[in-house]
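What follows is a pair of complexes built around chain A, which joins chain B in one and chain C in the other.
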Partner chain A sequence: MTEALEFAEAPARRPAVRGNAYLVVGAVLTLGAVLLALLGAIWTPYAPSAVDLLHRSTGPGAGHLLGTDEYGRDVLSRIMSGAWRSISLGFAAMMLAVAIGVPLALAGAYWRGRLDSVLMRFIDALLSIPSLIFALLIITGLGTGHGQAIVALGIAAAPRFVRVVRGAALDAASQDYVTAARARGEAALYIQYREILPNVWPPIVVEASIFAGFALMGGAALSYLGLGTQPPAADWGVMVREAQRYIFQSWWPLIAPATTISLAIVGFNLLGEGLRDRLQLGERHAGE
Partner chain B sequence: MNPAFLLRRLLHGLISLVILSLIIFVCTHLLPGDAATAILGDNATPAALAALRARLGLDRPLPLQYVMWLVGVLRGDFGVSTTLNQPVGELIGLHFANSVTLAAITLTSAALIAVPLGVIAAVRRGRSLDATILAGSYIGISIPDFVIGPILIMLFAAPPLQLLPSSGYVAIQDSSLGWLAHIVLPAATLTMVLIAHLMRQTRSGMLDVLASDYIRTARLKGLPERMVLWRHALRNALTTSITVLALDFGYLMGSIVIVEEIFAYPGLGRLIVYAVANRDLPLVQGATLVIGAVYVGANLLADWAHGLLNPRVGRA
Partner chain C sequence: MPGNDPLLSVKGLSVAYAGNAKRRAVLREVGFQVTRGEALGIVGESGSGKSTLLFSIMNYLPDTAVIEAGSVRYDGVDLLRAPPGVLQGIRGRRIAMVYQDPAQSLNPAIKVGDQIAEVRKYHFGESRSAALRRADALLASVGIDAPERIAASYPHELSGGQQQRVMIAIALAGEPDLLVMDEPTTALDVIVQARLLDLIRDLKQRARIAILLVSHDLGAVAAIADRIGVLYAGELMELGPAREMLRRPDNPYTRGLMAAIPRVDARVPIKGIAGGLPRGRGRDLGCVFADRCDLSVSKCLAVRPQLTHIGRSREWLSRCHFAGAAAPASARTAPAPVPTRLTEPNSEDGTALLRVCELSVDYRRLGKWGFFARQVIHAVRNVSFTLRPEHALAIVGESGSGKTTVARTLLRLQEKRAGVVSFGGEDVFAFGADALRRFRQQVQMVFQNPTSSLNPRKTVADLVTRPLRLAGTASDVARDKAEKMLRNVGLDGGMLRRWPHQLSGGEKQRVAIARAFITEPKLVILDEPTTSLDVSVQASILELLARLKAEHRCSYLLISHDLAVVRHVADSVAVMQAGEIREHGDVETVFSEPRHPYTRALLDAARRS
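Entry: the complex of A and B
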């Protein structure tokens, strides 16, 4: 079981109204985070790494909306450029996990047999490593950095995607339209990607949304540990790490990234859960 | 319970460990630069490097090195740390107990707080108390550990309160009060991370129990509601919580790495971060293998506990 699983665990099914509220709040927060990231990629009020020794640790105010840190760097600018790094990392790691996981799951569900059982044994073994430890191992192999963190988190999450998608793909592969396609003599890859895949996208989307939030958190955690984005570049994890060092002097350089990252993660999680409710996935409680 | 089921789980656990050891070995051999270059530095002469490689067995083919490493591990020999010049086994032993202490305190306090709250939320389902507890757990799940930790430092270690030390460790033999003061914040951070999840699971387990036939029977035969809850429902909900707690152990192990780093707490997690950051390959190998083994062991324990508590498991 991975940490990502904990976030993906099926909640009690709630009325559709609540599901819609989740979806709306989640979509708004996610969209806000994405817009902040896109804006941060092209424009920030100040240069994010510009040191201003005359205005060190100034509180939030007119010149610097969220104040400055111990080096006089504008906190808002760093949050915005950090948003780009953190959010793009979440999306990239998510896409990598999907790109590895989905083909393996489809192949396993389509061919079954020995290939599938060996694959699943391997996946089970991978799932029995805490995913942060797995990611740390990959970083040992690749070295530290932003790109390496993406690869590490994406690979570490791929087994989970194989598990989730394979379950749905097995159901789809036993349907009549797949049997019919086989009987027509369609190519294996055609059946996997044109017949099965369109019918398993709901769990993929739900899982991907929840994992994007998790990868965002994992990437920031790696940066916090000093193994992801390297200073002076800022992402939210680096910001928390540096703010902690000067916590006895000022608190706003900590509170600003802490709030932003938590809101972004809430957004992705709510979006995933709202989608799950909307798509009628997940466990149902007896008697409801 | 069915011994064949346990045996099968044990076998799966062992296969997982073998695959983990393979992954560890592959990952630690991806980058150029081996233990010999780490020990002698970049300016070492090729002759000195070759001599050291021959002495450490690094000149042999990789599959052979893998087998030699495994055989060593089985004998309790994890090699020597390249940056600390100490046997890896010794380093792991020194840090392991600290992590176990932290984990034990966390699991206990999380269970004592989260299980009652989860039960209350389920019983008060749909009321404002339930909504509050659920919202609280949602917020808890979404705030990462590396944010909770520094915020607790800000609140309790920084001025104006300055109640607790912000990092470090004091051995319990040296000062029990100092030990306690240093472990409060790391344990509190981990507990907060765990509570949110455990609470949701307990609530959901208790809801399942409350919706089951035997609870309906108990109500229909006229038992007072308090009796139904305390005698019938709670016992079964607790078995769910125990299993969840065992499974949560894996969740805890990921967090403990980060929390130990936040508070400079000398445990296995911090040792791993140090090893990865400094590319101390024997230390990475040994420490991750031990963490993986503990995780696999905890999962086995959870399976076993689950089987004991629920005889239907493992019959098939």
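Entry: the complex of A and C
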């Protein structure tokens, strides 16, 4: 690739350093969160709901690395077991949003016309509602719980995916390779999924990564409000909610999960930003 | 011009771009001078470094560029090392620049009169009213008929030719000594192009302005320049007086370039330059053109030739070991046999392959009042023609003439309003699903820009085999056929695993052509098949298309704006303007005795540039 470009005239300026730093930090944080979740699903230092009456509300120490909460439960163990619930919620909601958003975007960009206009006005209307409020509205219909939170956040984010993917898909749909495919008689679905889709992966991946972070936060927020995961099951949002009542006795059980949430969200966002720089660079090369 | 101090003097300029791991040289020891009142044209294909040269002169090089050696002096000031304040006083004032695409260079939100006046206000401190009056005068001087009305217009209200004239007026507003033009006519239609070249020539004489014109189009350069420099792969290959050089080019590259240009006036044989730009940096020693050159001997690979004087003139230089050596009568200049018509067109009784009768196509788009007032545009009106088997018909027209719409409608990519399209005697618009599928196997299309027509996320193998796979051919059979087809279009079978972005423009177009021919079509629609390519590559592609047509015994429908290409490829021609066919007939007849005034204007313009 570089060889073919040997004599290309003006080389693209690459934000390589910044992009790479984002990518590396983002990937490390994200990977850390995912590993924590996977580990937490099979092993924790203590059972997450085991009560150690002798050590209640202790700070970090040798026995309990991140201390214990007001009931004497090990904070690290609870973060680890909660990680699985929080991270999987983020991923599941993201995949739901992609599964709803991408087909709509491709169909709209390919068919254009009235259908597309109506669809996009509807999407615009939905976009004017803040995602979290939208998710709350859906929760009112579905009821509370982990699964319901996933569905609500996924649906609430779908309009954003339609918007982002449609922009890229419109661009791809106007290329001659789509005309060429129509001219040789390809089916509409083949053109949408085999010709256009491979060219709109970059924005999908970027948006998905950033949204996974958002869904993580949204999930924590719903749990915090008591609408997501229901105690005694714990995720990070539930932990913050329970710990904040005792903030004046011990702040540690509050700070630990809150920090974990922040780091995970920052991780997904940096990963998304880094991917954006990297993938768009690839685009530019491909377009040469 | 002896005894005249050079206005612009470029000496030993070497520029490289800092890459990931290594630097790559883009310009090497380029040197030339422009004196007052003189026009120097620099010709270069893509990858020649002509943009970098322009950026160096304007001191607009990107941060990644490294000036390794040399200087660019303007009237004694070293532009590469001058402080920003000094540069501001020179750029736009003493050196003005005209870019390729006026639509992108003009600010869409400001009336053009104000854009011209801005230069007067900035550089001469004129009041707004004085500057605007001046703008009118400038517009008149660049051949605009109603300067007041144009000055009060926004760029989008003007045609491409008018926009480019406005750009020139802006450039002239600073009363510059030197006008630098980057492909000033490339984005324009033929007739407009010819008029603009007239204007530039006129300006040079009237205003005694020095002009540095950079272009890939030897014709445009020849129309204006007193002297011509030929740039290849970052090196100045030949530099000399325009008239002599065009008559008897010395450097093998210049000769190759000229042999590759098809002519409007006669179907002369053309010959592309085989191969591509040197890749990598292994060529530091030898001649950059050595591996594409017919004259190449071992010395050419080992020793880099110097610029050598040709003949008696002190001004004519050529970078070749054989410079001036009585132009070796080798393959390049030897007259090749003129290809006879590839097929004798069947006489009138032959059944038509494609018959288009009274075809009309409308576009509907939102008008000024949006949703409530749809505007109907008659893109194609009452177009009729027939195409016989093994025959090549060209539809010629400028942008917006409706020629591409005709092609799209034939393929049923577009609905028609009226008329009949029949293929092999059957009505194309009455085809059911099965018949349509068979039809689409028999009619293939090659697009203008292969970068857009080849999906960047598919390998060459996927791209070329797809039409066969769609028809149900097994994948290994399809792959074998694709490999043969690739060899047939002059690529090697190993290309199958490559991605489009790893190929050069010419290679991509060959892949697109392979894809079109793999189903053994009866009709191939060629939509400006060489417009996005360099001349030397264009010639090779035209040769290939001629050979394929003979081998596969198919018909061509060529859509083109380039009369020289049409002359070279087509048997008959239909001239389209504003959605209608103005003239239709045998190529030789139409080109030698055009009847319609529009055809005459087109031919006239094509001959002049």
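The rule is short, and it goes like this: the second predicted complex is superposed on the first by the 266 of 288 C-alpha atoms of A that agree within 3 Å, B and C clash if a C-alpha of one lies under 4 Å from a C-alpha of the other, contacts with A are read in each partner's own complex, and residues count from 1 in each chain.
Just so we're on the same page, a residue touches a chain if its C-beta (ideal position, glycine included) is under 8 Å from a C-beta of that chain, and two chains touch if they have at least 3 such contacts.
Worth saying up front: this structure is predicted, and the values here are computed from it rather than measured.
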item: Per-residue contact with chain A, leading partner among chain C and chain B; value: B
item: Partner chain in contact with A:70 - chain B first, chain C second, else both or neither; value: neither
item: Which of chain B and chain C A:138 touches, first, second, both or neither; value: first
item: Which superposed partner A:176 touches (first chain B, second chain C, both, neither); value: second
item: Touching partner for A:52 - first (chain B), second (chain C), both, neither; value: neither
item: First, second, both or neither for A:199, with chain B first and chain C second; value: second
item: Chain B versus chain C as contact partner of A:185, first or second or both or neither; value: second
item: Set intersection of chain A contacts, chain C complex versus chain B complex; value: 1-3, 6-7, 9, 11, 285-288
item: Partner chain C, residues of chain A touching it in the complex; value: 1-4, 6-11, 13, 175-177, 179-180, 182-186, 195, 198-199, 285-288
item: In the complex, chain C residues that touch chain A; value: 17, 19-20, 24, 26, 46-47, 49-52, 55, 62-64, 233-234, 277-281, 408, 411, 413, 436-437, 440-441, 443-445, 447-449, 451-458, 466-467, 470, 499-504
item: Chain B - residues contacting chain A, complex; value: 12-13, 15-16, 18-20, 23-24, 26-31, 138-139, 141-147, 149-151, 153-154, 157-159, 166, 197, 200-201, 203-204, 207-208, 211-212, 247-248, 250-251, 253-254, 257-258, 261-262, 272-273, 275-277, 279, 281, 284, 288, 291-292, 295-296, 299
item: Chain A - residues contacting chain B, complex; value: 1-3, 6-7, 9, 11-12, 121-122, 124-126, 128-134, 136-144, 217, 220-221, 224-227, 237, 240-241, 243-244, 247-248, 251, 254-255, 258, 261-262, 265-266, 269, 285-288
